[in-house]
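The data blocks that follow each hold one structure.
Next come two complexes built around subunit A: one with subunit B, the other with subunit C.
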Partner chain A sequence: MTVKKAFAFAGRKVLKFFLLIAAVEVITFALMEASPIDPVTAYVGASTSIGAEQRELIAEKWGLNKPPFERFGSWFRNILHGDWGDSMIYRRPVMQVIGQKFASSLLLMAAAWILSGLLGFFLGVIAGMRENSLADRLISAWCHVLISTPSFWLGIFLIIVFSVRLHLLPAGLSVPIGVLQEDVSFADRLTHLILPVLTLTLSGIAGICLHTREKTIGILQSDYVLYAMARGESRKSILHNHVYRNVLLPAVTLQFLSFSELFGGAVFVEQVFSYPGLGYTTVQAGLRGDMPLLMGITVISAVFVFAGNLTADLLYLLIDPRIREGGQRG
Partner chain B sequence: MNEMPVFQVRDFGVSFSQYENGVTRRELHVITNLDIELYEGKILAVVGSSGSGKSLLAHAILGILPDNAVVYGRMEYRGSRIGAEQIRALRGRKIGLIPQSVNYLDPLEKVGHQIERSVRGGKKKEKKKKVLEMMERYGLEAGVYDYYPHQLSGGMARKVLLSIALLSDCDILIADEPTPGLDEGSLREVLKDFRQAADEGKALLMITHDIQAACAVADRIAVFYAGSTLETADVSDFGGDGSLLRHPYSRALLRAMPDREFIPAAGNQPLPGNLPEGCLYYDRCPERRVNCKALRPGSRALRGGRVRCDYAT
Partner chain C sequence: MSSELKTEKDFKKAPGRLRPVRGTREQAILHISLFLLILAGIMIAGSRIPSGSIYVDLEQISQPPSLKHLFGTDWVGRDMLTRTMKGLSLSIWVGIICSLASTLTAALFGILAPTLGGRADALVSWLVDLTLSVPHTILIILISIACGGGFRGIVAGVAATHWTSLTRVIRAEVLRINTSEYVRASRQFGKSRRYIARNHLLPHVIPQMVVGTVLVFPHAILHEASITFLGFGLPPHEPAIGVILSESMKYLTSGQWWLAFFPGLCLIMVSVMVSALGRSLERILNPATAYKK
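Now for the complex of A and B:
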C-alpha cells in the first residue's frame, strides 16, 4: 500500500469517526429529551416533602431549565475542552464513573470475547470438517438454539440452575454481600464472574461458530483443497496447511466486528446479574435521566465499537496478502 | 508398442447420482468407456471438445471426485491392478496432477512453500535449495519464492504447477487443460517443458481441447467424445487430410480445425443423462449403418491404434 493510499484511508476513517460520534450524541440527546422521565423526580424519588421551589433549584443547578439546544451546545463545547461534566446520580465526574465501571466490565467482556471466539472457532472447524456428521448436527442445532435464546433469559436460566437449585455459584453482584472491600479475595471476584461470563460467552458462540463452519465447508470445496488431495495430503495436513490459514482471518475479523453485540450483551447480562459494570450503569443512567453520564457512556461505547471495526479493517489490510500486496507483480 | 504401459485404464467410467425434482434418482454417465495407456517417455493427449466430460477425467483417475460419484472399470499401475485404496497412496507420490490454473494454489500461502511441500524428507534448508533449483530451471526468478499466487502471471503459474509435479518424483503426470489463457510464447514454452519431462522418462497425460497443441507435442492422441475414447492413434495419423484416422468423428474433428477445412460437424454431443443405447456418435455419423443404433461398438485394435467403430478400416 502506498503512503498516499494510507493517508486517504486514515482520512476517511477519521472523518467517519467524527460523523459517527456526532450522530450518536445527537440521537441520544434527542431520545433523552423525548423520554417522559424527569431527572429531578428520578433523583429525589417519590417523596413529597420536597416542594416545587426546591425542585426548581435542583433543575437550575443542573441547568435543566435552559432550552435543549443551548444545553446540547454547552455539553458539546465542554467535551471539546475535555470536560465531560458530572454524573447526576453518582455526583462525581462522568469520566471517573465510566473509568471505574468500564474496568469491571472489561474483565467480563474480555473473558467472554476470548472464550466465545476460541470455542466458536474450534467448534465451527470441527462441524465444517465433518459436514452432516452427528457432531456437525449437534453443534449446528446447538448454535441455532443459542442464537434464538435471548441473553437475559439465558442468564436467568443459569441463575436458576447454578445458584438457586445447585447453590454452586452466586446469583449476582461482583463481590459477596456484607464483606469489606479490602477483605474481598480474588477467588470471590472470580466466582462472581463465572455466571455472567458464561452467559455472555454462550450468546457469543453461535455467530462465530456458524460462520466458521460455513467458511470451512467452502474451503473444503475449493480447488486448492482438491489439489492438495491430488498431491496426497492427508485430512490432517489439509486442516493444518489450508483450513486454519484460510478460515482464521475471517473469523478473527468477525470477532472484532462483534464488539457491538458484545457491548449490547453486556448491558443485558449485567442487568440480570446486577453486576456493577458499564452496562448496568448505562441502564441506571437511562432510567434516572442522568444525561451527562449517558452521553459520556454512548461516546465511550461508540469509540469501543468503532475501534473493533477499525481493527477488523486493518487486519485484512495488513495480513491478507491479496490486499496487502496489491495487484499482479508478474 | 510392446513395452508394458506404466499406467493403464480400461473401460473406465464415472456416473453421478442425481435427484430430479427431488424425488426420482437418475444416473448421469459422465464418463462411459475410457481407455488410456501411458508409457514412460511418452505423451498421450486426450482431446475432447467441451461437454465431452474431460474436465472430470483427471479428478476421476485420481479418485478426488465428490462423494456422489461412482467410479468403475479397471486400472493398472506397472502391471498390477489397483483400486481406490492404492490410488490414494499413489497420488502425489507416483501420479501427479498439473492443474488448470492458479486457483488450485492456496491463496494465502507463499508460492515457494507450496512447491516445497512436494519435497519429501530432508532439512528445511535443503528443501528450499531444491525448490530454488527447480524454479531456476524453469526460468522463475528466486523472488517468486515469496510471491503469493495472485501475483503470478498465467505462464508463471504453469511453471510453478509443473515444478510442484516434478519435485514430487511422480513418474506419471496428468496435465489438466494446460493451454488456455497462454500467449503464443508461453504456450510454446509449456509444451517444450512437457516434452522435456517426457524425455526424462515421465509418462504424461495431457487433457486438452486444443488439438493443435496436442498434435504439436503428443506422441499419441486419444479422441474423447461423450465420455468415451472413440479412437487412439499415433500423432502422425492426424497429419495430412486425416484419411489415416479410423473413426468418422476423428476425421470430422480434424476437418473442423481452422487450419484445415474449417468445416464444423453438424449436431451436438449427447448429454450425460441422455446417452443413446448404441454408438455414441450414431446421430451425427455420416457412415452409420442400421446396427449402429442398437449396439454400442467395443474397442478394437486397428492399424496400430484402437477404435470404437465396427466399420472402421
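Now for the complex of A and C:
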C-alpha cells in the first residue's frame, strides 16, 4: 500500500469520524430537548423548599433560559475545548465521572470480550468441523438459546444458583460492603468480578460461535480442502493449515465489530450486579435526569464503537494480503 | 430424483413403519403451525384473563411453585402464572408492533435508496451507519426518555434501532435485481416501472420482508423486556415481563427464585420459538433450501 493511499484512507476515516460524532451530538441533544424531563426539577428533586426564584437562578446558571440552538452551540463548543459540563448527580465534571467509571467497566468488558472470543471461536470450530454431529447439535442449540436469553436474566439466574443457593460468590457490587477502600484485597475484587464477567461472556459467545461454525463448514466444502483430503492430509492438518488460517481473521474482526453489543450488554450486567461502572452510571443518569452525563456517555459510547470498527478495518488492511496488495476483496 | 432415493433408503431403515418422510418443507410447515398455535394460545389466554384475576391474596404470600400455583406467588399473593401470561401477551403485542414498524421503515428506505440512487442512496447508507454507531441499548434509552417513557417510547426506541439490517438486505436485493439481465430486458421491451416493480422486484423482496419481520420480533421483545427492566420502558403498573423481573430482584436474596426464573424462561421460550419459526420460514421461502432433506 502506498503512502498516498494510506493518507487518503486516514483522511476519509477522520472525516467520517467527525461527521458521525457531530451527528450523534445533534441527535442526542435533540432527543434530550424533546424529553419532558425538566433538568431543574431533576436537579432539585421533589423538595418543595426551593422557590421559583431559586429555580430561575439555577436555570440561569446553567444557561437553560437561552434558546435551544444557542445552548447546543455552547455545549458543542465546550466539548471541543474538553469541557463536557458537570454531572448533576455526582456534582463533578462529566469527563471525570466517565473516566473513573469507564476504567472499572473496562476491566469487566475486556475480560468478557477475550473470554467470549476464545470460547466462541473454539466451540464454533468444534461444531463446524463435525457438522450435524451430537456436539454440533448441542452447541448450535445452546447458541440459539443464548441469543434469545436477555443478559440481565442470565445474571439473575447465575445469582440464584451461585449466590443464593450455593453461597459461593457475592451477588453484587465490585467490593465487599463495609470494608475500607485500601483494605480490599485482590481476591475480593476477583470474586466480585467472576459472576458479572461470566454473564457478559455467555451473552457474547453465541454470535461469534455461530459465525465461526458457518465459516468452518464453508471452508470444509471448498475445493482446496477437497484437494487436501485427496492428498491424504489428516483432519488435524486440515484444521491447522486451512481452517484456522481462514477463520481466525473474520472471527477477530467480528469480535471488534461487537463493541456495540459489548457496551450494551455491560449496561444490563452492571445494573443486575450493581457493579459501579459506566453501564450502571448510564442507567442512573437516565433515571435521575442527569442530562449532561447521559449526553457525555452517549458520545463516549459512539467513540468506543467507532474505535472497534476502525480496528476491524485496519486489521483487514494489515493482515489480509488481498487488500494489502491493493486488489479488490472477494 | 435424489429425494426418491432417499425415500427408499429411509423406508428400508425403518421397516414396518410406514411413516411419510418429512422433508424441509413439511418440517417447516409443521413447526410454523405448531409455534403459531402456541403464540396465538398465549395471546388469547393473556387477553382473556380479566385484570381482576390478578388479585392480592395475603394468605398466599410468597408461595413456592405448587400444583395450585404452578409458578408460585409473589409477596402479595398474586399468582405468578397469571401475571406471566399477561406479561407475555403484552410482550407479543409490543413485538408485533415494533417489527411491523421497523419492516415498514426498512422497506421504504431499502426500496427508495437504490431507486433514487446517488445522494439519496448515500444518505440512507449513512443513516444506517449512524444508527449503528451508538449501542442499541443507549439509543433506546435516549429515545424512550425523549418520548417520556411508556409504551410509545419503547415502540419508538425499538423500531428506530431495528430497521438497519433489513434495510441493508432489501437495498442489496433491489440493487441486484435492478441491474439483472431480465430487468434490463424487460426495460428494453418498454415495460413500465410499475410493471417491473410489481412483477420483478416485489416477488423477490416480499419474502425477504416477511422473514425479516419475523426475525426482528425476538430482538424486539427481548429489548422491550430489557429496557423495561432498567426502568425506562413500560410503567411499573403494567403486567410486563420486564416489570416482573425488575421487582423480583428485591426478593432474590431471600431465596424466592421462582419470581424471576419462570417469567424469564417463558420469555426465552417465546423468543426461541419465533426465531426458529423465522429460520424455517427462511428455508422454505428460499428455493435453494426448500427441498433439501
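The definition used in the following text is that the second predicted complex is superposed on the first by the 325 of 330 C-alpha atoms of A that agree within 3 Å, B and C clash if a C-alpha of one lies under 4 Å from a C-alpha of the other, contacts with A are read in each partner's own complex, and residues count from 1 in each chain.
Heads up, the rule we're going with is that a residue touches a chain if its C-beta (ideal position, glycine included) is under 8 Å from a C-beta of that chain, and two chains touch if they have at least 3 such contacts.
Since we're looking at a predicted model, the values are computed, not measured.
Judged by the touch definition given at the top, the superposed model places A:F306 against subunit C, while subunit B stays out of reach. Of the two partner chains, neither subunit B nor subunit C is touched by A:R12. Counted by residues of subunit A touched, the larger count belongs to C, out of subunit B and subunit C.
In the superposed model, A:H240 makes contact with neither subunit B nor subunit C.
In the superposed model, A:R137 makes contact with neither subunit B nor subunit C. Contacts of A:L226 after superposition: subunit B is touched, whereas subunit C is not reached. Of the two partner chains, neither subunit B nor subunit C is touched by A:R77. Common to the subunit B and subunit C contact sets on subunit A is no residue at all.
Residue ranges of subunit B in contact with subunit A, taken from their complex: 58-59, 62, 64, 88-89, 91-93, 96-97, 99, 101, 103-109, 117-118, 144, 147-148, 150-153, 156, 164, 168. Across the complex, subunit C meets subunit A through its residues 129-130, 132-138, 141-143, 145-148, 218, 222, 225-226, 229-232, 245, 248-249, 252-253, 255, 257, 260-261, 264, 267-268, 271-272, 275-276.
Of all residues in subunit A, those touching subunit B in their complex are 223-224, 226-233, 241-242, 245-246, 249, 320-322, 325, 328-330. Contact residues of subunit A toward subunit C in the complex are 20, 23-24, 27-28, 30-32, 34-37, 144-145, 147-153, 156-157, 159-160, 163-165, 171, 260-261, 263-264, 267-268, 271-272, 282-283, 286-287, 294, 297-298, 301-302, 305-306.
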